[in-house]
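Here is the structure we will look at.
Should a chain be cited, it is by its letter among A, B, C, D and E, assigned in written order, with residues numbered from 1 in that chain.
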Amino acid sequence: MNYTKQIQDIASQLFAEGKIDVFVGYRLNGFDDNQVPVLIKDPQDVHKLVFTDKSVFNLVNYLKTDHTRRKRVGLVVKGCDSRSLNLMLTENQVKRENIYVVGICCEGVTDDAGQKMQNCVDCMVPDAVVSDELLGTASGADTLTYKMNADVAALSNIPLTERAAYFEEVFENCIRCNACRHSCPLCYCAKCCIDQETATLYNGANTTSAAFHALMTWSLHLAGRCVDCRNCEKACPSHLPLHLLHKQNESVIFENFQEHLAGVIPEDRGAFYKYSLKDPDDFIM
Amino acid sequence: MEAEVKDQLVSIEKPELIAPPNWEPVIMGILCNWCSYAGSDLTGTSRIQYPPNIRIIRVPCSSRVDPWFLIKSLQTTADGVLVSGCHPGDCHYISGNYFARRRFLVTKKLLNFVGFHENRIQFSWVSAAEGPKFAKVVNKVTEDIKKLGPLHLYKKENFEKK
Amino acid sequence: MARVGVFVCFCGANIADYVDVPQVVEEVKRIKEVKFATEYKYMCSDPGQGMIRDAIVQNKLTSIVVAACSPRMHEKTFRKALSDAGMNPYLLEVANIREHSSWVHQKDKKAATEKAMDLCRMAVAKSIANEQLHEISVPVTKRALVIGGGIAGIQAALDIADARIPVVLVERSPSIGGKMAQLDETFPTLDCAQCILTPKMVDVASHPYIELIPYSEVIELQGFVGNYKVRIKKKASYVNFKTCTGCGACWQKCPVKVPNEYNMGIDKRKAIYTPFPQAVPNKPVIDAEHCTMLTKGKCGICAKVCDKGSIDYTMQDEIIEREIGAVVVATGYDMWDPKPYEEYGVGRFKDIITSLEFERMVSANGPTNGVPIRPSDGKVPKNVVFIKCVGSRDEAKGIEYCSKICCMYTTKHTILLHHKVHDSHAYVFYMDIRAAGKGYEEFVKKAQVDTGTTYLRGRVSKIYKKGDKLMVRGEDAQLGQVVEVEADMVVLATAVSAPKDNPDLARLLGISYDKYGYLSEAHPKLRPVETAKAGIFLAGCTQAPKDIPETVSQASACAAKVCGLFAGDTMKKDPMVSTINNEYCSGCQNCVKVCPYGAIVTDDVPIGHGSKELRTVAKINEGVCQGCGSCVAICRSMAINLAGFTDPQIINEIVSI
Amino acid sequence: MITLGTQGKNTFLADVNKKSGANVLECYQCGKCVGTCPVSQYMDFPPREIMQMIKLGLRNESYMANSHWFCLTCSACSGRCPREIDIPAVMEAVRHLAIEENYINDSTKVKEIRKFHEIFLAMIKRYGRNYELRMMAEFNIRTRNLFKDMHLAPKALLKGKIPLGVKPLKSAKAIKRMYELAEKLEKNK
Amino acid sequence: MKKLTYFPGCSAHGTSEEFDSTLKLVLKTLDVELEDIPDWNCCGATSAHVMTENLAYALPMRNLVLAEKLENTTMGIACASCYQRMKVTKVHMDENPELAQRINTTVVEEGTYKGTVDVKSMLQYFYEDIGVETIRGKVTKSLAGLKVACYYGCLLTRPKNITKFDSPEYPVSMDQICEALGATATEFDYKTECCGASFSISNTEVVLNLSGQILAMAKESGAHAIVVACPLCQSNLDMRQPDIEKQQGVKYDIPVFYITQLMALAFGNPVDQLKFPKHIVPVEGALANIGKIDPVPQKVKKPIKAVEAESEVE
């Protein structure tokens, strides 16, 4: 998968036509073959843009910055990224007319070791669902059959006690740096509830219970919205398996409330902002 | 069943923290004003007896219940929580309990996923006329949680030294 | 620093017998914010309230906790005590130690006492976070909208207008009068329906406080109680009502004939028509669907014969708006269509008619001049079978409920048949005779004796044709035998069903409806005329089947509610509503989606201090917000809070024990 | 006279409801089934009365009534029942219970009906299929009414209506085994 | 060419042989090939469900399981009784997989029940899969002049939630087919009244009464003949007609056709293939109304099939 040339051409064209103020893409990090996001404001820098299977980050996150807010932006999105963009549009965080979207029919990206990322292996929506221009050939993937995450399934099947112990260790390793939050495109609140005084007894406290509280609240706020781009996991310095929480919520929601993933359908808000009379009721006395 | 619960109790809650003698659980009951709170009042006026472990918080509607009320309760004072609202279709605010129902299911499953026994997070629909049902629900929840023993997961005091 | 006063009530022996009240008082005194705590036999009594007032003043208390019965019982009482002492009434919290402790833990005083202490601690903790709140004042537009011009709408409109409150009465058809105008005589007194209804119709037309808007439909309702804005579509009538004198020349000359709805299609009306002679307003309208001038551009006779030049074929639908403060919905009912009763041959046998068709036949102004005839051959029937509960109490083919009026109107029909056809004989197949009402049972008895009607207890199983007779077969359960009646005509007492457009109307008004399509009242017993939405009331069959006296009573009750609502220039409203912190609001508008009342709108505010650039945030309309808190719980930024149930208040409660 | 209130819990109602899947309590005695039923006039108690008897817990009386034997399962009643009660299923439930509990109604008609069905089933058990004339003959022999319908026989035979040929099905063995297994299932319920 | 799995039912080889054979003529014209279920067994009607529950499911299930081995997804059944037992079993099994599993144990040798084959009566197949218009298109000899009362009986349209076909009270599918053939369907109110069905042998009195009423109503409607799609109905109305006439003292003389006989006739098949001589009530009078057709043979051409010796009587 290599769309470097096409993306450079598109960016140049957009700058030439005066359609954008900034282009958000990837560049090489300069010391190995891994890539980092780049905001190109000067048409001269367009040659820095690359796109390969090392283009892992979800660039939609960069629509939150002052460099891009209320600016006209060119943006590269893969399938998962495009879903978060859809949600940003639905939740009125970006205006569609301000963004030029270069969608990718993604073949999966790889981790440092060159292995295909697990979320890409399980990916149900590889093709960008929102775009002005689509690169690659549409996969025609089945977006309606849910693929249960193997880790979540495995954990669900072990005894409760072991699961509790496992997660205690996870939360114990959290250092409350909030990198997960900053890297998440859908965490765009002006002031995060975790940081608000009323929210918690543990404001900023670096304890396991504070981490538990923060991460639980965070995952519930992303329930029905998370697009499984794993920006959070890539950003986490403690390498916490944050996807477990999101995938757990996603599977419950997919199974019980809606037969599609978050952000796939335009104008569709998360599962918590609508309801059906047929929702499960048997867990309630 | 009994053995299984015991087993879990011992290992989740760490052996040294097994219920002390005469231990009584605290259950946080969050009730909607129009149905369940009124129903619990009716339990009182009908003098139907139930275990005294529940502490009741009144909210206007089950939809007012933010999941982190439950997380907060379990992390601080409570060994279990019960949220109760109007039956589907009877919500005083038309649709509040439908929104709440979705959040409750996801929250319950998530908390269970990270290690809380599912019986620690319970929900019920109790109408203003269901005084006896409220007593039944409290009985069941109290019994369930007594079997599970004290909750120590993520309680602030246990980890403050970190 | 908060200074909390705690007042623990004995409630006579109700609390004191099962909870150690003095111990509770001692325990709460140990809470550092509690500066005053005491106990009393009856906190709600005058001396009890006096103690609260005195303590507030003497101890400079900043919030009050009363530990007594349920707040649903005496919260208002104690709030008033706070007000009387010059304190904001919303600084009160009630700890419910009676319904939630003493009454439910009567066998364990120790546990009950401990629980009472905890409940007090929670209330104290919550009260510390209480804020001063003020009742919301909402201005009121003193004009009422009545939807539907049947007897319910007419009565409500007249009663409201008589209190000198302007009324807008919207009726869908060209004339008011509704179903009652189609009736012949009414049970149990056999008053002529027309004789008692038409004077009221005329009153409506001439009342200075009533604006009658016929041939129109409500298409939109915005706003909130006291401040609604309604949009009404006036359908094009193609007749200028201002100049039309109602002389009738047009419809006499009109060549197009259409089945007459007023007479249940038994005879024909013209394409330009007034529904019936006593119509109000007595002005014709053109039925655009059938008028050949409008459909094919050919004819134009009515315009030629109208010497006032009132016919205007170019007239268009018109949208008008009115500001109103309250709505009375009185859309009445539909007659249920018995088509699913295939075993009766409905639709195949012409001589099976519905009760309303029979009503029109026996009506003096009806299509057959008051004599029932067989539609198949025009003969006067001798043996007539009346079948009750057709569609009613039949979940398989019809509706589960009892339509309430069929027993009585069928009884009336047997009398009318007896009056109009002296040598006739009526057979009534019934399951029960439900004659609960003033003079109803007496009416049934008299009818049975006077007419000699044969009552057969059973549901009819099958009707088939033999020659020109209808054979009606069913069990007479009293005899325990299957009987067959050789009938000339069969009258089906079809069910009362909800107007089929009710769900659309309910959605438009923002009120709820039940599974049958009837509009839902706020409380089945204690608030039967209100809906869950403030300022919208229900009159007549739109809520459930009912007879004329009940309908009129409910309509008058609606009028009383409307008058009460409009008694002052402003309305007071609970201050327990949501508020938005603009600084935290990220403008995702999820709250807009979950609000069941449409109380949240969007607002544009500067992105920063003094900035000219705008961003969108949510905005609560206090007048509409009912305080459910749905928006609060889904707001991820915690930018919304619900007064009286704020996050700090609830957290304080959770962590206090 | 029937004395009520002495039998305790109405187990008969529970049995019938369980077996039939219907809820007899829903019956409100409108009688539509009776007027509908083609054979109600031949029954000791028409369907409506049977429903009431079940509600009253009259087990013996219901078993001994010929009503459930006369029910043709034509389903006309349930199609018209305003409460959508599966009346044929209720009748069947009563009949099956009566058979299970060995209640024998020894009126000639019921005996004949029962005999017919038994012969029919035995025939299928043996041959896998039904052979009408053979069955007719056997029925007449068993009911000691040798000359019933004899006036039809020559004509029918002549017209080829009723063939006499009988040969067991290839799979008669499988059928026999099915019978045994089904019987076992019935017992282990 | 369409294919259809076919369950003939026991009476197709007995009392209703003419139904079976004319059905085959009709389907030939309609270009449908029948595939018999190999080694099919009796469906149990009408005795199995009377006496026991499990057997009443097991007998049809064996046929369903066998039918699933064929490629076709639809099974057509001529006999209305068989159709109803088969359909009831199918619907109940599909609604209740647990029950299906339990019943399946009795026929496990034949295979596992999957529920992949739909069950239709031949009438339903004609009406839904072939279509009235196709049938109209195949008519070469119009039946104009013939007035028929279409009699459906209990089982073709009831219970409604099982059959999900036409109306249980006043069905019209057969009427429409008859009209397509050129005949006139009379307004007949006893379309779905019961004929007495299985009481034919064991409780003849009932049958005479019920079938008698149907004949009377058919006559009342002005019909020359009755049309049926059920062997039980046909035998009760036709074979018992002389008895009914004797009992009631009325002369009906109203022949009872299978719908397939009329279809085959209208499709232009030679009369001698239509097995009219098998009827107890002569058909000539009724058929005279459609004008000249080949003369109806008076005698059975072939001698009765040799009767196999069967001496064993238990």
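Note that in this section a contact is a pair of C-beta atoms (placed from the backbone, for glycine too) under 8 Å apart; a residue touches a chain by one contact, two chains touch by 3 or more.
Every value quoted in this text rests on a predicted model; they were computed, and no experiment measured them.
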Omitting chain C while every other chain stays put - resulting connected groups: A, B | D, E
Touching chain D and also chain E, the following chains: C
Central subunit by CA centre of mass proxy: C
Between C-D and C-E, the pair joined by more C-beta contacts: C-D
Rounded Å distance between chain C and chain D, as computed from the means of their C-alpha atoms: 52
Cα-centroid distance, chain B relative to chain E, in whole angstrom: 63
Centroid spacing, where centroids are CA-atom means, of chain B and chain C in whole angstrom: 37
Separation of chain A from chain D, taking each centre as the mean of its C-alpha atoms, in whole Å: 66
Chain C: positions in contact with at least two other chains: 343, 462, 594, 634, 647, 651, 655
Sites on chain E at which at least two other chains make contact: 168-169
Multi-partner residues of chain B (at least 2 other chains): 72, 76, 95, 99, 103
Each pair of chains that touches, named by its two labels: A-B, A-C, B-C, C-D, C-E, D-E
Chain A residues touching chain B - in the complex, by the definition given at the top: 152, 155-156, 159-161, 163-168, 171-172, 199-202, 206-209, 212-213, 216-217, 219-220, 223-224, 244-245, 248-249, 252-253, 256-257, 271-273, 275-277, 279-281, 283-285
Chain C-facing residues of chain D, complex: 28-36, 40-41, 46, 48-49, 80-84
Of chain B, residues touching chain A in the complex: 7-8, 11-12, 67-68, 71-72, 75-76, 88-89, 95, 98-99, 101-117, 122-125, 137, 140, 153-156, 158-160, 162
Of all residues in chain C, those that touch chain B in their complex: 70-73, 96, 98-101, 103-108, 111-112, 114-115, 118-119, 122, 512, 532, 576, 594, 596-597, 626-630, 632-634, 642, 645, 647, 650-651, 653-657
Residue ranges of chain B in contact with chain C within the complex: 24, 26, 28, 33, 37-38, 40-41, 43-45, 47-50, 52, 55-61, 63-66, 69, 72-73, 76-78, 92-96, 99-100, 103, 135
